[in-house]
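Same chain, two partners: subunit A is paired with subunit B first, then with subunit C.
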Partner chain A sequence: MMARFTALLALLLTTLTALPAAAQTGPLRLEITEGVIEPLPFAVPAFVGTGSGGQAAQDISNLISADLSGTGLFREIPASAHISRITSFSSPVQFADWKAVNAQALVTGAVDVDASGRLTVQFRVWDVFAGQELGSGQQFVGTQDGWRRIAHKIADQVYSRITGEGGYFDSRVVYVSETGPKDQRAKRLAIMDYDGANTTFLTDSSSLVLAPRFSPTGDRILYTSYESGFPKIYVLDVANVSRRQLPTQEATMSFAPRFSPNGQTVVYSLEAGGNTDIYTMNIGSGSSQRMTSAPSIETAPSFSPDGAQIVFESDRSGSNQLYVMSSGGGEARRISNGDGNYGTPVWSPRGDLIAFTKQSKSRFHIGVMRTDGSEERLLTASFLDEGPTWAPNGRVIMFTRETQGEQGQAGLYSVDITGRNLRRVSTAGGASDPSWSPLQ
Partner chain B sequence: MTFLKTMILICAGLSLAACTNPDRFGDDAAGLYGANGANGAGMAGSASDPTSPAYFQQTVGDRILFVIDTYNLTPDAQRTLDGQAQWLLTNRDYNAVVEGHADEQGTREYNLALGARRANSVQEYLLTQGVPASRLRTVSYGKERPIEICSSEACYAQNRRAVTVISASPNS
Partner chain C sequence: MNTGQIISGAGHLGLIAWILFGGAFPTKPLDFDVTKVTAVSSEEYAAIVSRSNSPEQTSEISPPAAPDVPQDSPDLSSEADTAPAAPQPDTATEATPDPAPEPPTEAQEAEVTDEAPVIEPPAEDMAALVPETSQRPQQRPAERVAPQQVDPPAPDTAVDEVVREEAVPDETAETPREEADATAPEAAATEIVTEAEEAEVAAPLNSVRPKTRPDQLRPAPQPEAQPEAQTQTAEAPEPEVAEPAPAPATDTSSVEDALAAALGGATDTPAPSINAGPPLTAGEKDGLRVAVQSCWNTGSLSSDALNTTVTVAFEMSEDARPIDGSIRMLGSTGGTDGSASQAYEAARRAIIRCGARGFGLPAEKYASWRNVELVFNPENMRIK
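After this line comes the complex of A and B, so read on.
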């Protein structure tokens, strides 16, 4: 897996300079608002394959379509409805043919695999109704087995040129893979592409593991393991899958870790004598600082993207509620005010919202609220939803949903922040505790 | 970690069911012996021998239950813990790990913290009964190790528990 990673990191992104500099952005624009959105119709006719790139051309265009359709913001015009066939990447686009099938956006491309196995992919995005290119053509070069990443990168480009926002397709998810019945469940860490492809296991299931969390650059993962017999926080290096226990102070357990936005501090919970409080640790020096000291439970801390604040849950009021404190310490202010219990708050990468788990009247919800607690909005409802994680662009949330009863099993779902487009994320077997990486 | 080593040695010596199935939950050392605890296997020794861990588990009672979202000890629980303290004071060759558990209603993090509170309540009670602190440890499993798997109160009530898991003392 790591060899593949290294090869992909060498992937090149270049602008096609030979083309006319038609970089003028046309009127095609999808404003993502809170209102009901009519998905924008698009077409990705099969990319033109040269060399031995025929199969890759088909696969890449299909994956770009799947990425875009999967957002719920775009609707694919299927190949069976296309009038024009794209047989040459450089030939002029017959806009009338694409208008006729109502494809507002068109993505064309060419894929070449040369004798050495090098994969070169070129693409252009077209505003069909304006009859012009949206942005400028680009080229990606990589290894053949990196074709999925290139397709995701192109889909990210298409998404961001049309919406004006960052994409999230070229990203990974670390989660807990679950096997076995409820009373004998085995858990291990797994990592996959955001769409469930390319799964690799990072630990075996000899020790219970919980709640992995990516570092801000995706190079490390914090998680809790019972490897020592007691819950302790570990940090795992993704490149070489080596791990070490964090030097938290002597106590019964340490858990619920998350990185600060600069990757140098870990905020976590430490329990001693039955009481759980929040601490921060400088991951370089290993020195910890106590952030809360109340007899109540303080846990599930998460930094704001500017690193200045920490949101966490506490039952100091008698029920579980969300609080925000300065990351320098000091008094916390309560931000959640509804009925029920609030937990696992996570600050959005944009800084504008906090996602959370809410338990109310025997149902669980994933919700979002503004950082001052206003405009609370519940996005899901089920027997057991918990543990939201944000897509890199702050538009989509992934979470754990566990089904009820003796056969109950956990799986991953995603939903966008308006509550639309609830989807099951494909995983092999049970899965819980997802953590979304940044864009790679 | 001396504590862990000792537990593994004793485990081998008694050939406990949990040890003969080491792959069941792996080797979460703190839970190797719990009949009603994390690793749910049987206990060695004869239940008719009052000095055996099996007697502690079956006759004294190795677990107590909690009311939903609480960690205080009910009168029933206190009676069981009185028996546990008595047994531990009589059988000084054994140490105990108190496991705290929660039902599945609640987030993973909160349930871990709640399980720790429950385990600590038991530990504190045993301390007040004279069991030396050096012979007690706690661990929380949160909602990770239910013994009953239905999603109704009948099962939840059994899962909201603290289990006192006996192991041989390093000095025995």
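After this line comes the complex of A and C, so read on.
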């Protein structure tokens, strides 16, 4: 008995002694499940200007920094903190100097203006801590007047190389420009760069205009105008600002139009006989098809990116809710299930989310949800937020915010889909109902 | 049944009866604290929410004037980007200027008198009404999100990953001390708080009641033992138990057989690799984990990259700094090659950045942490 016990004890002790060593025979392995969410520090030292490109070099590097900082995903290391100076585009980068100021990404570039006035801009993106280039160097050539677009294109490249998803800086926004008091507000269509620069008016304010929507290629704009006394849908060619009315029945109201992803079809609402339903129309032939036939109000339709489905709002349940139906017609399924009223749904260009307006407890919100209605997340809250539109990369939402009171004015705001980086978009006067173009 | 059992039964019955009816269990209810609460109506709540979320809190950017003359479209061409130039809105047709704003009306002059207002002195022992909620503006949640909440540093404190008190020169000291500013980590919240969520938390969470009197203070509860310490104790090696027990004099053959089998099994194990050595304690492992995760920034990762788990291996020098050239991706799950590359870049930056000062691991256990494999799993970061 004693001998057996001793043998067992010896076996146990031998095993215990061997265990720690056995646990350390491989590499130390740990799982990291928590991190931080903060802007990534970057530096854009002034591009090297040659010829007469000195001012353009400064302007372009400043605009690239502004684009990246404006996303909320990046934080600029100010030039005053830089240790290294970039004096030649081809010189090696002193990574230690940039590490010292905690710049994790570095953008270097050079600008040249030749005798004919052509602007040539070269740039490189560096991963400072890896000590290597992200992607490869690239060059843009354009006119001096087009320096902003060149800067936006470079910023898009930098954004894409660091985050792994497309940018949205070289894009434009069409919106309704508003002037005058609330009871006599003049509205006309305006178009601008995504950051508010280069505003141009597309219509005059002689008649009320609503809900402009870009085509998938950005060359046309749908909008609703009261020019004829009834709301009618027009399509405007952006290149020459010519327009034509889409054919609809007389004495009916058509509104809330949007393009299909292939740009050949328009989905819209049509009110006839006191009932509002959703229709589609082939732009080329003018033939239309009724998609819903309910006694309730169906409006604000929006195609999914693959064109297979349509999301819209309806009050068929007694309150405004969101529904999804096949673009070929058929039964619609309700996807919104929270308290309050939902409206103006817009499908994300990525196809994974639907943005919407929600009214609940005397507050308006911009929110996002999965396409099946799950994971609803409210991003904003104010007296009046409405009309979301997606950035081309599906990461940012722009919308209208109107302040309270007789002196209240509408303005454009943008917010990241995480709810961070809420900021006002600079516009010339009041602005509402934005529509974001695709990348140019 | 004998007499003893009868006596025992009677005694137990008596004891039970005394417990039930004799007052062993007092009927007096236990003391409990009563706290007055204040109900807030829905209108008042809406007013509170409205005040704390007005759009004026966001940064206002003065709108630039619209250009009078539409600019020509830039004629862009590129060697790498050959997309056709997009059509440009060259001009507005029949655009009419905005109506000029009406001039502001003249402000009425306020009537001012030289007589100072008479202030009634308060009556003695008059009770003063104090607001039940603080009127101070609420602080916005920190933009930075980290595993642990970090309060904003003092105004004169520089932001740094290392907490350091301000150092001033001391002329009386034998060795002069170098002057240095105080540093503290950047403020951080544990999750993203949207504007909509801010509105929900704008309601008062605590009433500002007077503090309890000192004689009612109860001793503070003892903090619970740290799990790390427990784990460290459990994992601490105990070399003294390694001594073999003396063999008994009897039945030596079976004992020797058992020992031979045990030792033979031990000698059959493969030779320890380069990492053989004393193991790291759980606390030391946690220290390394926390150091890396404090630099693992997922804020700029794409949605696809946030669905990608990457395993990264690297080697460390004896001063516990990662050797940059040794960092490599062993594998990835849940994403595309592109998203894995983005996730790996973020992981590599975290290792290099926070390893620059060394991870502070015990040198005597170098063999245990010389080679490291870290699995970066962003699942929790997707729902922040």
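Throughout what follows, the second predicted complex is superposed on the first by the 403 of 440 C-alpha atoms of A that agree within 3 Å, B and C clash if a C-alpha of one lies under 4 Å from a C-alpha of the other, contacts with A are read in each partner's own complex, and residues count from 1 in each chain.
Everything below uses one rule, namely that a contact is a pair of C-beta atoms (placed from the backbone, for glycine too) under 8 Å apart; a residue touches a chain by one contact, two chains touch by 3 or more.
From a predicted model like this one, the values you see are computed outputs, not experimental measurements.
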| item | value |
| --- | --- |
| First, second, both or neither for A:Gly273, with subunit B first and subunit C second | first |
| Partner chain(s) touched by A:Glu313 [first = subunit B, second = subunit C, both, neither] | first |
| Residue contacts with subunit A in the superposition, subunit B compared against subunit C | C |
| Touched partner set for A:Thr252, first subunit B, second subunit C, both or neither | first |
| First (subunit B), second (subunit C), both or neither touched by A:Phe383 | both |
| First, second, both or neither for A:Ala186, with subunit B first and subunit C second | both |
| A:Gly135 touches, of subunit B and subunit C: first, second, both or neither? | neither |
| Touching partner for A:Ser205 - first (subunit B), second (subunit C), both, neither | both |
| Partner chain(s) touched by A:Glu406 [first = subunit B, second = subunit C, both, neither] | first |
| Doubly contacted subunit A residues - partners subunit C and subunit B | 186, 205-206, 362, 383 |
| Subunit A residues within the subunit B interface of the complex | 181-186, 205-208, 210-211, 226, 228-231, 252-253, 255-256, 269, 271, 273-276, 297, 299-300, 313, 315, 320, 341, 343-344, 357, 359, 362, 383-384, 386-387, 402, 404-406, 408, 433 |
| Residues on subunit A engaged by subunit C in the complex (per definition of touch) | 2-4, 6-11, 13-18, 20-40, 72-74, 99, 102, 104, 127, 129-131, 138-143, 145-150, 153, 162-165, 179-180, 186, 188, 190-191, 196-206, 218-219, 237-241, 350, 352, 361-363, 365, 367, 377-383, 401, 403, 413, 415, 418-420, 422-429, 440 |
| Sites on subunit B touched by subunit A in the complex | 1, 3-4, 23-31, 40, 71, 104-110, 112-114, 116-117, 119-121, 123-124, 137-141, 144-151 |
